[in-house]
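Questions regarding the structure given below will be posed in turn.
Just so it is clear, A, B, C and D label the chains in written order, and each chain counts residues from 1 on its own.
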C-alpha cells in the first residue's frame, strides 16, 4: 500500500501530487516497463479489442451467440473509458496551458482528442438521457470513434504528419483540382449520356458517382458511357485521371526527399557529399 | 455619395479615372477588405452558386419544384455576368497591351479568359437571336463554362502551373506514348478477340474503349478478353499500364523536387547543406 | 531539272553522289524547310493516314461503303513504303557501318527499324508468293507495324529512353517481382477458390487472369473470390498491388531527378546551388 | 575419377575437404563456367520447371493426359531437392556461424531459406508418415514454396531490399494507415448501406471486401453503395484511396533517390556537382 502511494504521489503532498501522478500515468510513456507504460498498453489493448468487438458484433450469427458477452464487454469498456476520460479532464490542470481550475479543464475537454474520447462513450449514456430510440441507432455509429482514440499513441505517424503539413497547400490545390475536374467531367458526361441512359445518368449528382469511379480509376462497372461521344469523353477523363495520381504522388515524393535532406542537415552532414564541413 | 466617387475615380478626371477604377475593381485584389476584394468575393460566390444551381437543376424533382426560382436566379446571374463582361472588355484599355481604343478591346475579348466569360453567358441570349431550339439545347452545355470563370481567382494553381509548364515536353511525350500504346493494344486486341466476341470487340475504335479502361486501370468490366491469347495479351497490356502511371508521376516528382530546390536557391541557401556560402 | 540534279547530287559525281543524296533525304532532317524535311513530313503523314485507315477499315459500315478507296490507298501506301524501304536499304552503304557493298545492305536490313519497315509491307506481297489465304488473314495484323515506323521520327522519346536504359536493371527486377507475385497469388488463390467456383478458378493459368486484374488494380469484375478466405487473401494481394505501382514509379522518379541533375552538371552549375565554381 | 576428386576435395584431406567442397558447390557462384555455377543453373532450371509443372498440372485436360509424366517428374524433383536439402544442412558446418557439429546444423535448418527448402519437399513425404489424406490435400499447397527457393539466386533483388529495409518504418506506417482507413471506411459504410443492401453489406468484415476494392482502386463491381449517402461516402473514400498510392510511392521515390546519392558518394563524387573534392 505504501509503495503504491509512493508511486502515485511521488514526493509531493496529497491533492497536487495525486493530480500530477495521474497526469503522468495518463500521458504517453516514452520508457518501457514504466507503470504509465503498462497503462498505455492496457488502454491500447482495450481499444483494439473494442474495434474487434465492433467488427464481430456486426456479423449476425456471432452477435446472436455471444450477445451477453458483447454487452458485458461493452459495459466494462465504457466504464474504463469513462474513468479514463474523467481522469484526463481532471488532471489536465497539470499542463500550464490548462492550469486554470474549471476553465482549464473545459478548454482541455474541447481539444480534438478529448472530444473523440467523449464521443466514443456517449452512445452508451444516451438512453439514460431519454433519447429517442431511432435517433439512438444513429448514434451507435459513434462507437467507431474508439478507433480514433488510438491516434494518441501512434507517434510513428509524426514523419508523415510533418510531410503532410509541409505540403498542405499543394495537396489542397490537388484536391481543388480534383473537385473541379469531377464537376466538369460529370456535367459534360450528364449532357452527353443522359438521353441514351436516362436511368443511369439521371442527374449531375448521380453522374458524379461515375465521375469519381473513373477519375480514381476504381471503375465499379455499375455506370459507364455507351454512346460513341460518351466513350470518347470518358476515355479522355480516364487518362486525365492518371494525372490525379501523379500530382499528389509527385508532391509527396518531393516532401519525403526534403525531409530526409533536412534530417541529414541537422546531423551536420551534406546528404549528398557526406562531408561535415561542406 | 462623395466617398463613392472618391473610391471609384481616385484623383483623376472623369472618363479616364472611371475606367481605371473599374479596371482596378475588376482585377483580382491582393489585399483583403478592399472594395475590389469584396467584388471578387461576390463574383466567386455567384460562380459557385451558379455551379450549384447547374448541378441541382439536373435533378428532375428539384427542377420541377423550384423551376421559377432557377429561372430568376439564372436571369439575375446572366445580368451580373454580362455587366461584368462588358465592364471587363470596356476597361481593358487601361492595360498597356490593350491600350488602343477599339482594337485593344477586341484583342482583350479574344483572350481565353474573356472568351470563357462570353461563352458562359451566350446560351441565355441565343433565343433572342432566333436560334433553332434543338441547337439551343446543345448550347446549354456552355453553362459549364461558368465553372472555368473561377480559374481567374485560383492563384494557388501557380506552383502547379509552373511545374506543368516546365515539364510540358516530357508530359507531352508521355501522352504520345499513351496514345501510341492505346492504338497498338486496341489493334492487336481487335484482331485477337473479334472472332470470339464480335458484339463487343466489333471494331478498333470500339476496342479502344477497352484499351483505355485497361491502360488507365479503370476496368469497368463491360468489355474484357475471353480467349486465352486475348487474356495473355490483355495481361501484358495491363502491366504496361502500370508504367503509364509511373512515367508522369516520376516526371512530376522530379519537377516538384526541382521547384523546391530552386526556391531554396533563390533564398540564397543550398537546399541540401543549408549553408549560404556554399 | 538542273536544280533538282543539283539538290540531289550536290557537287559529286553521279553514282556515289546520288546514293549520298538519297541517304540524306531518307535520314531524319534536323532543319525545317529542307527537301529532306518535306520528305519526312510526307512519310509521317502517310503513316498517320495508314493508321487512320487501319482503324476506320475495322468499322464494318465504313469498310463496305469505301471499300474501293481503302484498296486504292493501301496500294498507293505500300508502293511508297516499298520504294522507301528499297531506297533505305540501297543507300545504307553511305554509313561507314554498312559501307561494304552487299553485306552492308544486308546488315542494315537486319536492324530493328528496317525489319519493321519490311514487315509493314509484307502482308501486301504474300498472296503473290502463293501463301495460303487463312495464314494470310493472320499476316494482316502485320499492318500494325506501320505504327512502329513512326518511332524513327520521335526524337522526343530520347530523354525517356535514356532514363529507361539507365534504370533498366531496377525496372527488370520490378518486372520479375511482379511475375513472381503473380505466380504466387494465382497459385494460392487457385487452391483456395477452386472448390467454391470451379467454373471461374478452373486452373492456375485461368486464375492468373484474376491475378493480373487485381495486382494491376484493373479489376474487370469477371472473376473475384467469394469465400471468406479467398477474399482475405485477395485483399492482401490487392494491397501488395499498390506496391507494384510504387516500385517502378519510385525508380523512374529517381531516374528523372538524376537526369535533370546531370544536365545541370554538364551546363557547369550545381543544380542545387546554381554556382558554377562549387 | 582423379579429376573429380581433385575438384571436390581440393588440397585438403577427405572428410573436411569434402564438406568444404560441397558447401562451395551449394553456395551461389559468382563466376560463370564454374562447377558450382553449373550446379546453380541446374537447380534454377529445376525450380522453374517445377513451377511450370505446378501451373500446367492445374489444367485438368493436361493433367489427365500427362499424369504419369507429372508423377515421374515430381518424384525426380523431390529426390534432387531432398539431396540438395540434406547436403546444405550437412555442409552448413563450414560457415563459422554454424560450425558446432549437430547444433550448428540444426541452427542452419531453422534459417528462413532452409525452412523453405524443407517445406517444398515435405508434402511428398507426408503420406509415408501416415497423415490423413484430407489434410494432405491442404499440404499440397506447400509445393508453391518451390517458387521461393529461387530467392537464393535473385541477387538483383538486393537494391530493392536495401531500399525497403531503409524505409521499413515509413512503409509500416503507411500500412497501419491503410488498415486504419480500411476499418473506418468499412464500419461507416456498413452502417450507411446495411439497410439498403443487407445481402451485400451484411457485416463489417463483409464490407471490408468492398473497402479494399475501393481503397486499392481495384473496383471489381460486385459490391458498391447505392444510396445517396453511401455514394457520397464512397466517393470520399475513393479519393482518399489516391493518397494510399501516393504515400508509399513518395517514400520509395525518396528511398531510391537516396540510394543513388549514396552510391555516388561512395564513388567519391558529389552526385550533383560531379566534383570529387567538393
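One rule holds in what follows: contacts are C-beta pairs under 8 Å (C-beta built on N, C-alpha and C of every residue); 3 or more make two chains touch, one makes a residue touch a chain.
A quick map from chain label to UniProt name: A, B, C, D = Ion transporter.
Owing to the predicted nature of the structure, the values given are computational and were not obtained by experimental measurement.
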item: Contact-richer chain pair (by C-beta pairs counted) among B-C and B-D; value: B-C
item: From chain B, the most remote chain by mean C-alpha position; value: D
item: Distance from chain D to chain B - Cα centre to Cα centre, in angstrom; value: 46
item: Averaged-CA centre spacing for the pair chain C and chain B, given as whole angstrom; value: 33
item: Chain B, residues touching no fewer than two other chains; value: 205, 213, 217-221, 245, 249-251, 253-254, 257, 270-272, 278
item: Complex contact set, residues of chain A against chain B; value: 169-170, 172-174, 176-177, 180, 183-184, 187-188, 190-191, 202-205, 213-214, 217-221, 224, 228, 231, 234-235, 238-239, 241-243, 245-247, 249-251, 253-254, 257-258, 261-262, 264-265, 270-272, 278
item: In the complex with chain C, residue positions of chain A that touch it; value: 217-221, 249-250, 253
item: Residues of chain A touching chain D in the complex; value: 51, 54-55, 58-60, 140-141, 144, 147, 150, 154, 156-157, 159-160, 163, 175, 178, 205, 208-209, 212-213, 216-222, 244-245, 248-249, 251-257, 259-260, 270-275, 278
